[in-house]
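Quick one: the structure is below, and I'll ask about it shortly.
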């Protein structure tokens, strides 16, 4: 079990740390970094399903018999791009939020909003 | 005709880059209108085609497990029509509303994002491939993050960012779920998955896969307690966007849940071996009661409606969680009816926002008399939320209670009814403030925009029509439920 | 390993030497007392290590395409690595990162 | 997997975990962003070890390249330090991640052994179809490209739409924002003073663009393709903007051109699909492009759609960087 | 008798005529005289249509509107009990309109257009309920009636009116949604139908336990019947203008409630089923307790309208009791009491309104000596009060008599005692009012006269009707008795 | 085997660079360490291509080199304007 599955568990540990960063930090940029870490670990999980022991990259060449599976790689390519799109959108939002609130800390922004609300 | 399934998605999707190239706001709007109109035509034709059986469309010409396919069956054809219809109505509604709320130079890009949002939803609904569903779900999500952030107040940005984080975590959970299912079967095609999965029932990886898919979609559909993003996001979004999203945004995730739970994993796993049904019922009860209760205490009309949406998702999930033909039919029916009703309410809120500059409940005091049409619309749609005859809400509540009683879920029936009572309270609050307070002397900001009021009323009348003569939506919902009847338990 | 064994093992040795040079750079990066001395360690060994390794790999390259790519990598790294370290050091000096003198605590 | 490679990947994993911990602990955000870039690079190395070279390429381009540059730009616009994370946030976060991890570990026990040849993934008929039949159907050695651009070409179409969405959304959010922040005015272009950097960069540009073209058109035979090429193109412009200032870069690639590029790539991709529809196939059925010689049609189709991907990606990445940097960071 | 082709159309016509009147009200909102004429004409048309239906009461008239869901149809059906209720509502409405013209104008009520409009909608809803052929149709009308009367209850727009409106809406909707709707759904599940069937739909479909629970759901769920503990809305709703209280809270709304209870007992459960299963015992006791407690509260109330409201609660419980005794005679008595109490109580409310219009007094203790100044009003009050108490020669006599017979029939001695004690209590809370007005001396300096004729004429008419009902009970309950197969 | 030994050496260097990146203390130390780390990954990828018998993957290595350079320039360009005092004097690890 350990010998055949430890890679998954390492990936899972990475995922957990990514998720922990997203959830625990109040800074918007840190959240996005955490999201990237989390997603990168998920991508690793995908790719690990395609790997064949002793295989190589699925670029067909003479003399090579064993290839790893190309499909997970394709899926991950798409997913990476989706993740990047999310990150850049999140960053754009972060820039706007900093403009409006003068901070990127979620807690501070919420406090600012609440105090404005009670003042008004 | 053979290309209808792909045209359904392609028309709005290709409309987006075209919109982005335009510089005239009216030109972009016209394009958006045409695109949604085209989508509706496709959807209606597809619904009509359903009489001859399901339609499969192999994209790229590669047969199913190798390539991606679109599968249109009675389960998703009505959803396509619903999304297209609401989108078309929103398109007509959007012109004055967007011109009032969005900077002129951004309008073409705004409509491009709207196109993408619609295209993404249609793509999720039409696809027969698990991973493709994820991709299109993300198109919808990304565009809606941006659209929500276009709201007038700065809180819109925070709401959009929160939605972005939560939504992405949800999407990643879905991704993990798909990965695990892939790992134990080696395929992504839904039909192929459905065929291979029963061999590995009991596999713990598959159990985890179900859990991740369900949790991921629960986030996207804002099921209690993963709903935190919804009220802010819907309330702060520009009127046209909140109308579209409140109408069909979460419904797409609900549909995806249905699709994954029943046709991919199979009801015997999800609702039989795993306790998803009971968990769904508990979450639904909590959503119905708690979210309705919270809605009663809101100070802002759009937040109130947002919380009400969380509650209404509870109704839908309650029906689906029963995993009986009647339950699914009831949930599906409520999906249709609530889409129309809630879109009407957000549309009316948009009219108010445009004319008053605020939808704070206190700002509505006494306006029922000065804006009779808008408030009558709110009242009628509000009755739909409560579920009183003769609105559409009554029909679905009837069907839902019936399905629940049939299964002896008295506790859930109690929650449904309790939630309706809370709906009486929050709708009653609006009515009381609008009609039983002294109207202010201040003049209104703008004259009413005819397309906005007209579309609001169109939605209200649809909700009334579906209430008086629910034959069409009921037939569609029954068709959908019957289509998955073989895979329930 | 398609290359003839003698050339191949010579290449291997070169690569190993390069790796050792790089390793020394790493140790330097960690152990040196201040920023400027670390730049020194990193910058020098980087270039030398990359050069040796690329050279070693060229000796083991199965075809010309690989050789050309390796040469490009070498060229690229030779251009950019010193530039980067140089710009870095200059930026640090502008910002007023102080130079360590003997007897001060390590930073 | 041979034991030394196993050892290598273990070390890489260790580095990843340490980096992740570093990211949480570091409150200076420049450091955190750089660690994130480092994380991404190491992940990319792992992808190489796991035989997913195209993924490694992309991950490096996205994680270590574009995302890092964008994050740094954002940092330059905002504050560089993070407040101390309040304790009340830690517990729910910990519980959430432990639950997620626990569920995954529970599920992972029944996953097929890592690297097994008889796992469901490897046994499924499409494996053979993708690896062997594709050589006859499509004739492209890099099966990742065949799957990406032909078998699952529609996914890639969706992916391109996602990029397009990101570009549109960022432009929607950030362009046309009135700039009146006096804080940005005092910035001076300091980096251009580094004469060496300027000279070296100038030497590099042609190589970068050449490399981009190579990656674009060599994607059939090796790692790479439209997306990676697009990113390389964009990184060329990014480098230009960084070294010579954003206004100069804007002169090279004006705003309208970017907008046209962003849209035209997606339109090209969709256009290929529509053409194949008009020629009697289904959407994106490249066989229809050359009915007499399907493999030819596949080649043409893949080439065109990869081009579409490259154009849009280059446009979007450049545009996003420009609107971020346009806020007087780089004057 | 078989129906001709056009006869079924009378049913929707009866429902539509008040609505048409309401539309006329809206259209003529700028011409007060014409507006009131439209309202009156609508009422008259409804009354005539309903009365004409008595000619065909034995006919199987059925009008199907549309199929809502498979197996669920919106339809009207003519049967004696429904016609009885329809007649009460339709005939008393024009009279009330007349009264309200006088009341509204004399008191300068604001927003008269919406007042008349919602009035018309409420009556239409009551007729809808009366003619409903099944539970579903009835439920729709029931909810519409609730909603249409809320604007009337809150007509004053004061804080008290808003609070009253909230309680009114909350209680009525709560009971109907939480109890009545599930009961209907359950019935549908048990039988596959919601139609009203002579002899009882549920007969043979459920055991005693289920029947008892269902009956509880139905009877308590019909919040309009004001059974304790869900009676609070009725006194709260007394903040409404008096004509509203008169028609809606003496006739349309509350009678819609007890009518629903009667109809469900007779046609959904079937009296025989109830009798043989004993499912109604609990509800019978509830009704009995309500009779006594509400009467007791009424005795203690000083506010005239509040006293009348608790009197209504008590009298409604008589009718529910009639249904719950599961005896045909009692059910017939309940049906008759529905009529006699309606006529009597509307008279009392008219009187209260006339008193308020004339002297602005709303407390019982303030009425000393008014009898001489307002002889017609207090005369009518006395007649109506005696009718409700059940003394001959007034209409109430027969209904109480039949109810007493019913208790004997059912062998419920305790309930008989309850009825008698309830009547005694009603003596105690109703009679002092006119006695006080006639016998006590007026406070010095008070100079009054009668209310305007538009107020006085209706109340005299209804008081006369109280007397008339004593002489023609068979005319009213004859068809129903035949339907219930009474000798 | 020699190549594998070399890879171990490269990996060790990476670890050392990582430690430096974590320790700081100044921002420039971090940049330097990350830059050096980047160069090491270039070598790593080049080597692993050879170890696994697919040396065609050098494209990736070349690309890593490019990314590394652009990244370093970006950090330099975008970092040293703001809050310098904060960055310089930070006691970074909580």
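By written order: A, B, C, D, E and F. Residues from 1 in each chain.
Quick note on the criterion: a contact is a pair of C-beta atoms (placed from the backbone, for glycine too) under 8 Å apart; a residue touches a chain by one contact, two chains touch by 3 or more.
Small disclaimer: the values here were computed from a predicted structure and weren't measured.
Traced through touching neighbours, the fewest hops from chain B to chain D number 1. Under the contact definition stated at the top, the chains bordering both chain C and chain F are D.
Chain B has the C-alpha centroid lying closest to the overall centroid of all protein C-alpha atoms shown. With centres defined by CA atoms alone, the chain at the far end from chain E is C. Centroids built from CA atoms put chain D at 27 Å from chain C.
Centre-to-centre separation of chain B and chain C, using mean CA positions: 57 Å. Centroids built from CA atoms put chain F at 19 Å from chain D. Touching two or more other chains at once are residues 53, 73, 75, 79, 100, 104, 108-109, 111, 119, 121-122, 126-127, 130, 152, 155, 158-159, 162, 165-166, 169-170, 173, 190-191, 197, 204, 222-223 of chain D.
Listed for chain A are residues 15, 19, 22, 49, 56-57, 59, 61, 71-72, 75, 78, 82-83, 85-86, 89, 93-94, 96, each touching two or more other chains. For chain C, residues that reach two or more other chains under the stated contact definition are 72, 76, 80, 83, 87, 94. Listed by label, the pairs of touching chains are A-B, A-D, A-F, B-D, B-E, C-D, C-F, D-F. Partner chain B is touched in their complex by these residues of chain A: 15, 19, 22, 28, 31, 35, 38-39, 42, 45-46, 49, 71-72, 75, 78-79, 82-83, 85-86, 89-90, 93-94, 96-97, 100-101, 106, 109-110, 113.
Chain contact summary for the complex, chain D toward chain C: residues 190-191, 194, 196-197, 200, 203-204, 207.
Contacts from chain D toward chain B in the complex involve residues 100, 103-104, 106-112, 119-127, 129-130, 150-155, 158-159, 161-162, 164-166, 168-173, 175-176, 259-260, 262-264, 266-267, 270, 273-274, 276-277, 281-288.
Those residues of chain F lying in contact with chain D across their complex are 4, 7-8, 11, 14-15, 18, 21-22, 24, 27, 30-31, 34, 37-38, 41, 44-45, 48-49, 51-52, 56-57, 59-60, 62-64, 66-71, 73-83, 86-87, 90, 92-94. By the touch criterion stated above, chain B contacts chain D in their complex at residues 3, 6, 10, 13-14, 16-18, 20-21, 57-62, 65-68, 103, 105-106, 109-110, 112-113, 116, 119-120, 123, 129, 131-132, 135-136, 138-139, 142-143, 145-146, 149-150, 173, 176, 180, 182-187, 196, 200, 203-209, 211-212.
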